[in-house]
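Pasting the structures here.
Consider the two complexes below, in which chain A is the common component and chain B and chain C are the respective partners.
Then we have the complex of A and B:
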């Protein structure tokens, strides 16, 4: 960034004005492609020298324009995202790649395209299951994306370029996992609010710059004296997205938030894209199987008809067991964005799973605004009072 | 030794002072009003006067309720959920479920060994709170205090279909002008509210003894409607508005004694009974 700030303060700055770097790069002649969801294979954009930019709206923005295009009782994140687009807040984008991760994502993509004039717009269809035939289909969809990206960029998306891009993005994933290792100590070396800022920054920068930022942050944090103080409870926040410093600060007022499963956090970085004879198949397999999002249906293989609730819980939530143990989690906040069906339907099952592990949990709903933080605070405090 | 609980609710502020034996030395209630942060010290001063004590005599003060951050002379803040659960347990040692029907929210609490273990809250929709009764009573031209008696005279129950408090106002007036009896309409209002609150409560496993608190518990019609919807006996404290403040005072005592056990008795805290302010006054 032009002002020379580094590490945590750079992340803080980017969080407060995300599009600054993208606009700088645009002025230098680079092309920026927006993506609303972490299921979009950003490696394919990086490989063609396009800069991926996460279009996730802004929780601080009051939604005033989206009502003319979207229903009211609808994913508030997508409403916010479209609202920002209608207000021209992302007018620096050269295009958008949307994906059918959820129905609101799909429907909003259609509306987004009709109300805006980006030179490039692509919608990826994505299956709901992780069966072999689903991965095959998804690979075909990524081939379709490859064709339209090549036509737009005027360049060939070669296997070599894609492998390089996968390496850079895998490197970022590895660095993020290393960053989260720094929340294992008691007290953790880094705040949940700082993690939110860093991930937001990563989703606003070209991958190489994001990797540099992560390296800076880690060396800064390892020697810091201004880290979080130890609180009585170590929390994991589970939900679709938690990308707001204000909400995170409510959670962290009387606890240490040391881990999350959110796409404002570690969700997109938990695993690696494996190398594969067909890199697109490697991407399809990674994105469909490794992103732990409620939109994906992991129950039952093709032909299975036997009910097995315990097995089902294990396949949907088993990844949390090791995390809870390693990060010494003493409580889980199950955070729902209002009207989010996929995550709402997971809540009772997740609670059953956490009960089976003996981990206390609480269910909190918010509407992706900053209007009602006091009730949120009361619920979190009451939860902490029951477990301390 | 003396301990105090200050419960600043959205409608009413309650202060309770107890001694080491949990005897109530004073109980003061007053309307909160919009400037609640300026009120806590006044209500506390009244409670001290009633108990014949000075602020320095109180060993520990817990503040609770939605205005709990605005009590500068409090030693600790705890949520009203923990305080109501504790207060209910003191009054009914075998209580397992507490339901507080307040002016602006409804809370359901599970209690185990005298402590809060689980909870659900509604504070997003007025139709599930005391406000629903206030607004519809005003629309019908009757006093909130009379609603219980009126509804117990009902010969039938009218269904209120509106899910929204504002639309329910129109609905009850239309019902009245269509010739429906006032008692039956009021019974229907209680039933509608009780239905919503019991649906909320059922997210927790409801176990007896079930205790109802808050302004809603002073309404005999509401108690009856809850009894009907939950299908079990309901206990009501003599003074349903002060369970939060009682719980806060008892928790104050417990925290103070526990701290003294672990770290020795702390020196007397210099406490100033003054109104909360977030601004430094240039020319006081």
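Then we have the complex of A and C:
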């Protein structure tokens, strides 16, 4: 960054002005590719010297332009993302890679492509199961992405370059997990709101700069004296996307948020891409199987002819058990962005699972606007009072 | 416009009636068979992909989507919606899904697996397994997964590719869709064999696939005849006739005969210049799900000279494709299923319309069926049938100067659709249609 800021202040700065660094890089001749969902394999962009830049919504931005293209009863985050694009806030992008990770992502991608004029646009279709033929199909989809990216960039995406990029992004995943280790102590060493800023900054920077930022942040946080104070409840937030400090601050007013299982939190960093003879196959397997988003249809056993509910819940939410134990979670907020069907369907089942673990939980819905903060605050306070 | 008392404003097709009756009869026969011990499957509309497998294996399928519409129309859905709400499902989810979840909750938690006595049309019996589908929207597989709270019925989720318009033409793309589709279907056959305890009769599957394809070819041809002026067949007949093809209802040889009868009747009307309404002033396209509970609304519009000549992409037969040289029935089925979604893509790419399978067809419909306007029906709790409608409206205006009228409704909350309000908006929309007709003519368009 031109002003030399580092660590938490740098993350804060990028969070506040997300495109700042991307615009600097653009001015240096680099090409920036937007992506609206963490299912897009950013390694492939990095390998071709393209800068992945996550196109997020902005909770402070009233949606006006997207109304002409999408109905009101539709994923507010995708409406907000599209709105930003239609207002030219992403005008520095050289292209967009969209993906069929959910119905709103798919529908928005088609409108986005139709109503904008980026030099490059690619839509990846994504299966919903983790069956072998689905992974094979998805690998083919990534191979198509490779071909169009190569044509756009004028460079060959070699296995060596892709391996290097996978290593860099795996390193970032590892560093993020280390960062979240800093929320294990009581009080945690870092606030949930700061984690939101950091993760959003990572999704706005080249991977190497993001890794440097993480290293700086961890060094700073370990030695800080102005860390969070201990509060009565250690919260896990679970949902599709939590990418706004304003929301996180509502939760943290009277609790410590020590884990955010969303795609604005740890979700895209919990696992790593495994090395594979065909790197695209490794990427396909990672993205389809390892990112624990509600959009993927999981079963205790592929093609099972018998089903039991407990096994089913374990296959869908079992990864939370270790998190709850290790981070000593005392309450869970299941945060739903209105009209997000994949997550909405999960709510009763996740509550069943959390009940089976003896962890109190509450389901709260909001519409990704600042106007949602007041009722959100009331619901959170009521929940915290109940469990305390 | 005055209409003679006793005279119907829409001249319904006689050949529609046995097709409509067939769907109800098939449902009741299925229930009887299930009550006699045959296994039942709950299925999601899957566009000719999983259904022919179950048909060939003589498995009875009931469709909770359809049942949700029935429960709403018969006034019993609310108690199921309330139960789903009480069980923690957000109220903005698909209304049909909430109806099913509430129904399952009542059946399994209150009645120990017995069909609720208030359930219309004999209810939906407890299923052996569930066949969901990734086609169209997320709800259609997450909903069946959620039923695991109430019943330990295994779920098979059918994959459904959804390509981008440009990406679809990348070398090898289509073949990979076919490859996945066939492998997936082969595994599905094994799954069904294991569940019902008998083997697939592959000859029978081939015959089923061929009949399915032929029925839809004839059904497609029926709809092509509707391009005539005046249009001989109203959308109400389309909606009455389409379930037999879409859900492979009953005996397929019989369905083929009934659709062929319909072709002859519609052709006769074309030849004699007989329209579906007395005086066709405006030709309209309807998108997407109709207000099932208020279909007589269209009779009122017919009295004003509104003829609905084309409609509902999601219910239409695929554009015919010759699959006779494909020996593997699973591949024929897969290609036919893909044709439903991607059959319009080549044309869409040529027109640079990137809105995908749901949006582009309406441009084709409006142009080829020479529509003066579009009636759009966004649904509060069915986002998959609504999301593309603003895009469709913009596209029709920009490309063809065809205006749209949007009238909101819902699939289960019947109060949201207000026919009186809708009718009050008809007159000003007629002015709009007339205005744009002049604009089109000035631009050299031929209708």
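The rule is simple: the second predicted complex is superposed on the first by the 384 of 388 C-alpha atoms of A that agree within 3 Å, B and C clash if a C-alpha of one lies under 4 Å from a C-alpha of the other, contacts with A are read in each partner's own complex, and residues count from 1 in each chain.
As a working rule, a contact is a pair of C-beta atoms (placed from the backbone, for glycine too) under 8 Å apart; a residue touches a chain by one contact, two chains touch by 3 or more.
Source: prediction; values computed, not measured.
Which of chain B and chain C touches more residues of chain A: that partner is C.
Shared-chain residue A:13: touches no atom of chain B or chain C. Contacts of A:352 after superposition on the shared chain: chain C is touched, whereas chain B is not. By the touch criterion defined above, A:381 lies against chain B but remains apart from chain C after alignment on the C-alpha atoms of chain A.
Of the two partner chains, neither chain B nor chain C is touched by A:314. Once chain A of one complex is fitted onto chain A of the other, the partner contacts of A:122 are limited to chain C, with no touch recorded for chain B.
Within the complex formed with chain B, the chain A residues making contact are 372, 374-375, 378-379, 381-382, 385-386. By the touch criterion given at the top, residues 68-71, 73-74, 100, 102-104, 106-107, 109-111, 113-114, 121-125, 127-129, 131-134, 136-137, 140, 144, 147-148, 294-295, 297, 299, 303-309, 312, 336, 338-339, 341-342, 344-349, 351-352, 363, 365 of chain A touch chain C in their complex. Taken in their complex, chain C has these residues touching chain A: 87-90, 92-94, 97, 129, 134, 136-139, 141-143, 145-146, 148-149, 152-157, 159, 161-167, 170, 172-173, 176-177, 179-180, 183-184, 187, 190-191, 194-195, 353-356, 359, 378, 380, 383-384, 386-391, 394. Residues of chain B that touch chain A in their complex: 66, 78-82, 115-119, 121, 123-124.
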